[in-house]
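Shared chain: chain A. Partners: chain B in the first complex, chain C in the second.
Showing the complex of A and B:
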């Protein structure tokens, strides 16, 4: 979305940098690291291979399924009697039910006229008439699609989830922003949580809270609060020291300084945090339909059972529209506040009259809707899109699946991709002795980062072995790598084209928005219909999901290359291709690295969805664990995915940490 | 400076503690048994309400669609549905988040725990349909090669069933991980040259079967009856070694040792115990709910291939078969 990481290439080097001394030194340092590793390897590898062999040694695994199953039984048996549940978690769950119900009843009471008017006017006040129009349109569309009630359910869930996530995140961020020690403790935790795939959160909360809204909401909060906490802490820490000193010298107390100087200075980060939290909460609210979250996600999920893409799409469109409206509104609020306050201030802050107007108009329209007799969208005004969509899908599948002249059908591509890319990669990774894999990971992570990142990466990999899921993990890793390569090739190519043409970028923007916010469940059926069951459709789903972020970051990175450097290259008579290859790409290197890193994280996030279309391996295990309540299987596979994510993140992590979320 | 900072922090923690306490007091003091809490979306219109569990397959959706339609139009209830997988559904049923499951394919572990030990779930009899799991091949293939309907000949045709996922073995396609399956053990114990490929979800499996059928390609798949897809893609069951009680007993002890076919299961209904006792006419109605495989398939077919909404499909069936459902209504 529009929050995709702003990337600033650090330093603008000259056009033709010969190998500067710093670079040579860097190269030497890399060489030294490799040499050191090689020495370690020469000593350790023969010992390990003699003792354990190439497959992950059985002696080094720990079977955790027994204790996990016992825990799960204990929870089920004690859920209605133990004090922990009855006096603490029970209240938590009850509070969730009560507040979601309260919001839901309020929305229903406002009726469709009231809700539509209220949100539209709110968007107008905060973000201008364009976004207000989008808001109006999206509510009308969700009504027309016959999705009014599920939309209200999702909205109620979202309102509560976002309020709680923002509150929890802001509190954590405030604490971390004020205390150095807390910051040091929290930072790695929050960093790690950014890499976790959403599905990994579901299993533990289901176990404790059972299926239903409380579990879904808590999973959403756990998923969506970290970006708020990170950005709050960053904003507070980044406050201008001069301003703080000035306010301290005026005799402000700690609290006054916090309220009058530090928080206002961090406004921009705070709003970015809210924006990120909303986007992540929405994507999770859909995934959480697997554990009974109801609402739009549930409609998508139910449509899947009868293999009905059209019905799934009808529920998915309101989700996409909601996401775009929420994103644009909060982003616009952020820009407004970040802009010159004195100019934007009066209209925005002193507009209490306007706000009263908003409230009055909303109330009036709500009343009007009530008098006209229908609180939910009138059923007569519904449009059926399921049939045309399904017909289109049928047509596409019939004509593309196989036997297309010259290029071959999609099923043939999928078979080639599986046979020539996925299979060799999987077999290679599985055949590689485990210590070889660990060394490779160490070398890569150390070259690109510090010894700390290398250590984290190696420990994460070792944890996978210890949990006894080495083989499926290598299978998953091969799928992730293959999907990543496809994503990067496509993403860089499209990104370069878009950076060169404003028009293409403008055309791409809504397409990318839709790709990023479309619930992944919706494209499950089309990918299977096109690529047959197996690992190829899983890879296709991953590419669709990860591509937008890669394209965006690439385009932005290339755009921000110093125009002076390009101008001087052009004046030296370089062709367009030469400028791209020798000036733009090298200068945009940090952005490209960031794109790789984001690509990895996003591709990994789809592994579990891949398990639903025949991806097998870890994704399938997590799905099985969720479906059969097998905590041992599901949790171990989930942890393994997390470990893979940590390792891949560290291996691809540019030295500078990224500051925004998963690009959702 | 550091003192004020600590104080600010302390205040912060104090405030959040207070906020937490307020949140908790919101839900009332004392005990809060979350196993007794319903869905926030239930009964929003303030009427009598029932929550039914819908499983992912269409047959189960048909039961629920018809039950829902009749409960709403004949008995004046508001019906909420929740879609969850089978085993989590048992858990939800025991907690009362769901009032009834209308089609269960046999979960002895869960039955032992919730029905016999904890008594939070009550058995409510069969729904009239008999379920059967097995291995199936498409009819167009079986007509040409009748020998493939016996497991002993499967190895001879393994090469025809190769896909890029199964490598140089034949592909036996399995579906959703939540379904009961012994296929890995069967392939191993019967020495079949096959690889079990998990489609991962029923949606993926159905899509793949339809795709194969369009091209008249041979395939071998785990499948079950009753299922609407048979109307679209006729399939023939492959004979596996006969199911015996001895084999089943061996299988319960060690699931990897199973070497015989799947049993035939009369599908069961289960109620939350509270609901069974105090569910009024809804419980009485659901207790009597029982129909045939053909009835169920008729509704499933209109949901899944004619593209009707569950509610429309139910209405169509209800209009056509009053003789069946009139018997389910409680006597006034």
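Showing the complex of A and C:
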């Protein structure tokens, strides 16, 4: 990256020697790329506009809804007779239903006393008493909110989904970690799967399994297994070569080497994989309520459908608490590795004795609950927050939505944002000739990345046109772009401030931690409360969801700038502003690009889900497709989402691949 | 360098037994090649390219010959040092000995068995019990305690837990890490970590110890300690060692014989005295220029023929006496000293002879001495 030098590149170039145009082009590769594209455009654009016109030409679309509908009805007709379903998918689906049901019944049989005690003690053993206290608190709160049964339903689905995801992911990762060829094949697939919005996975599984628990579980596994596979493979590959050689020099067999060196060396990555898998499984298990997963997500979904903010919040609070407990527990387990574990309290608090203790106390409390006849959280202890919350919301509607002096109301803001930003942007994107859009995409992707990323991006964009969903896709794109700009402006500003002030960073850190653990779905609730429904709230939710990651990456990037470069700038008498502009920002360019990339991916994920709260466009098509059984419509929208995700990711893809996972 | 001086003299007593020619051969290496690159196996047999320099070879064939036509024997009980700058192929060479890196061509025998013909099982047995290696970057398992790291080789052999722990504890004691058994490698200093690596290699009681630049990553003072540790171990156990290093002082200090490598070839093979006293070419001469010769060479190199009447005058010195010691003797007595072996006077060293060695005036009276 030639522009990443701290000294202004223009100062060193072209002062003394006059240069020919060829030399200038050779020095500035970006300009050369653009010039080449301009030449291509000058030839192709007149041809295309003469032949097809500005709107995506009808001749270039392929109607896939017919075949899709046929496939879907074939599957529905043959679900009970064809061997594929009877002997394979049927068994699979039965196994899923049985195991989820089994775990659910087990949780119910343990009773609220048993489950609460078990989880609390588990968290205490793995992560210490603080997290244990949080766990205890979360289960009590979910009981108090009257959400005990949905919490158990979600937990049951989660347990099965996480076990399957971790197993599948670990196996895939093991294979990719040991075989170079498999790694080369799997890596781009896994990388891509990690940038796709959750909604894209829903339709295909529904097509095969129909709406219900098996589809929900499968979608969750498909969504949550890739991080495990990725991190397992990377962990196994990243193992210290020196240690492996030492192991070989002692005569270890391949198996011995795997078990005694490779896997233990990758423990950190494996646990990080489990952590990410759990977080993504929770996120998806909640979203999968759209395709028939019962539990907390379903409560939120139902409540959102009727804009019942109070009920939605009552279900969302346990989700957030569950997410925090799970994240902190697995993260603590990861941190414990490598730390010295030899000295930790008296003997009865260590090793198998402690675990036996945990089991005994859990069993005793479960028995106690059973004897006292209260298996499900006693209804008398429930607190109804839905009404007060709704009253508060009513108050907000009456007092904050509009007519607040000077600043206006939240609904006014939303309306202004829609009218002044979203609408012009959408209309502009739709009015832009399609070849113009393709050229723009190509130029952006090529400037930031390589010709490969540019090609992928253009092909993905063209596929959207071919599928005949150009218009809704442009609508979605306009929301993404608007939300992205807001996210980046806010994120970079806060990130720069936080990088400059230790105190601000200390205040922000816990807030960001919590925000990054919350499932996407939850973000819809406060924005609906504040801005009602529509495209503006969807964009607002996207901004809030993507902001933490952008802030964090920006801060880290600026903090990691070589202190020697900063010091030398300061010794030359640079002001703070000069240091920021001339040293820190250029040196942190890779991090800033990564922040843009992550921001795009995260914003898209929530804009799509925004279809549930009036975001319209592709997300709405998926929801409508599911609701009306028009799988063709939903599937096409799903594919378009995939293409849009691919395009946005590739366009913002710096040459080096990111290594962090999605959000979490 | 002060360390060279004291080191060489400290190590010298063990070198008095360096008459190794008639000893049993442990490793026998003949015409060994290791070539990296496309169609590497063709290079050693192709007479048109084997004579090329490293750079020419790379330009013409795209291959790099890390080890080129190397032949030597390692005798039982000796410390055989392979020394060279980075990129000279010494680390590749030592890995070829147990086929951690597969040689391209040549013959390689250990105790008369053809190592290159061994199947995987036999080769594993060789690595498990007969030759173990100490690495530059230690290669310890970070998640295991010191004692479990030391026991790792025994675990791979399939030894039971209590037995291998017991043995590992002995080894930990032996390398001076008693009391640190339960620590993790991350909690140890570099020197301590390498002691763990050494103990791990010793635990399997191998016939040969292979050292791959074991002390290069350590601070100078700790390096000295570790070198003394190796000298001590060798004196106590007399185990055969192959020692790779890029540090000339270390090579002179530890080696009974030194093979000096450059661009994959052995430029000179001999005792420290031979290397310093009669460098094979300008490269070696350049290499050993700064070595304090009086600390390495013996009076055998400095003496002149006996002249009439000198055979029974002055102090008597053994033929393996270092020049530095002879200087002291000559200075004290004020006259020339005799070099005596088994009561026979081999020659005379006087002020002039000794000064010639120190001042590098290569006026050599060897013909007479022989």
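Rule of thumb we're sticking to: the second predicted complex is superposed on the first by the 550 of 664 C-alpha atoms of A that agree within 3 Å, B and C clash if a C-alpha of one lies under 4 Å from a C-alpha of the other, contacts with A are read in each partner's own complex, and residues count from 1 in each chain.
Convention: a contact is a pair of C-beta atoms (placed from the backbone, for glycine too) under 8 Å apart; a residue touches a chain by one contact, two chains touch by 3 or more.
Just so it is clear, the structure is predicted and the values come from calculations on it, not from any experiment.
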| item | value |
| --- | --- |
| Partner chain in contact with A:125 - chain B first, chain C second, else both or neither | neither |
| Chain B versus chain C as contact partner of A:398, first or second or both or neither | first |
| Contacts of A:253 with chain B and chain C, given as first, second, both or neither | both |
| Which of chain B and chain C A:426 touches, first, second, both or neither | neither |
| First (chain B), second (chain C), both or neither touched by A:243 | second |
| First (chain B), second (chain C), both or neither touched by A:267 | second |
| Partner chain in contact with A:90 - chain B first, chain C second, else both or neither | first |
| Between chain B and chain C, more extensive residue contact with chain A | B |
| Partner chain(s) touched by A:230 [first = chain B, second = chain C, both, neither] | neither |
| Residues of chain A contacting chain B in one complex and chain C in the other | 248, 253 |
| Residues on chain A engaged by chain B in the complex (per definition of touch) | 76-77, 79-80, 85-87, 89-101, 104-105, 108, 153, 156, 167, 171, 174-175, 178-179, 206, 209-214, 248, 253-255, 258, 289, 291-292, 294, 298, 301-302, 304-308, 310, 386-387, 390, 397-398, 401-402, 411, 414-415, 418-419, 423, 524-525, 528-529, 532-537, 610-616, 619-620, 623-624, 626-629 |
| Residues of chain A touching chain C in the complex | 240, 242-243, 245-253, 256, 260-261, 264-265, 267, 337-338, 340, 342 |
| Residues of chain B that touch chain A when the two form their complex | 1, 4-5, 7-9, 11-13, 16, 19, 23-24, 26-28, 31-41, 44, 54, 56-58, 61, 82-89, 91-92, 95, 97, 113, 118, 163-165, 167, 173, 176-178, 197-208, 210-211, 214-215, 303-304, 307 |
| In the complex, chain C residues that touch chain A | 98, 100, 123-129, 132-133, 135-144, 152-153, 155-157, 182, 184, 186-187, 197, 200, 204 |
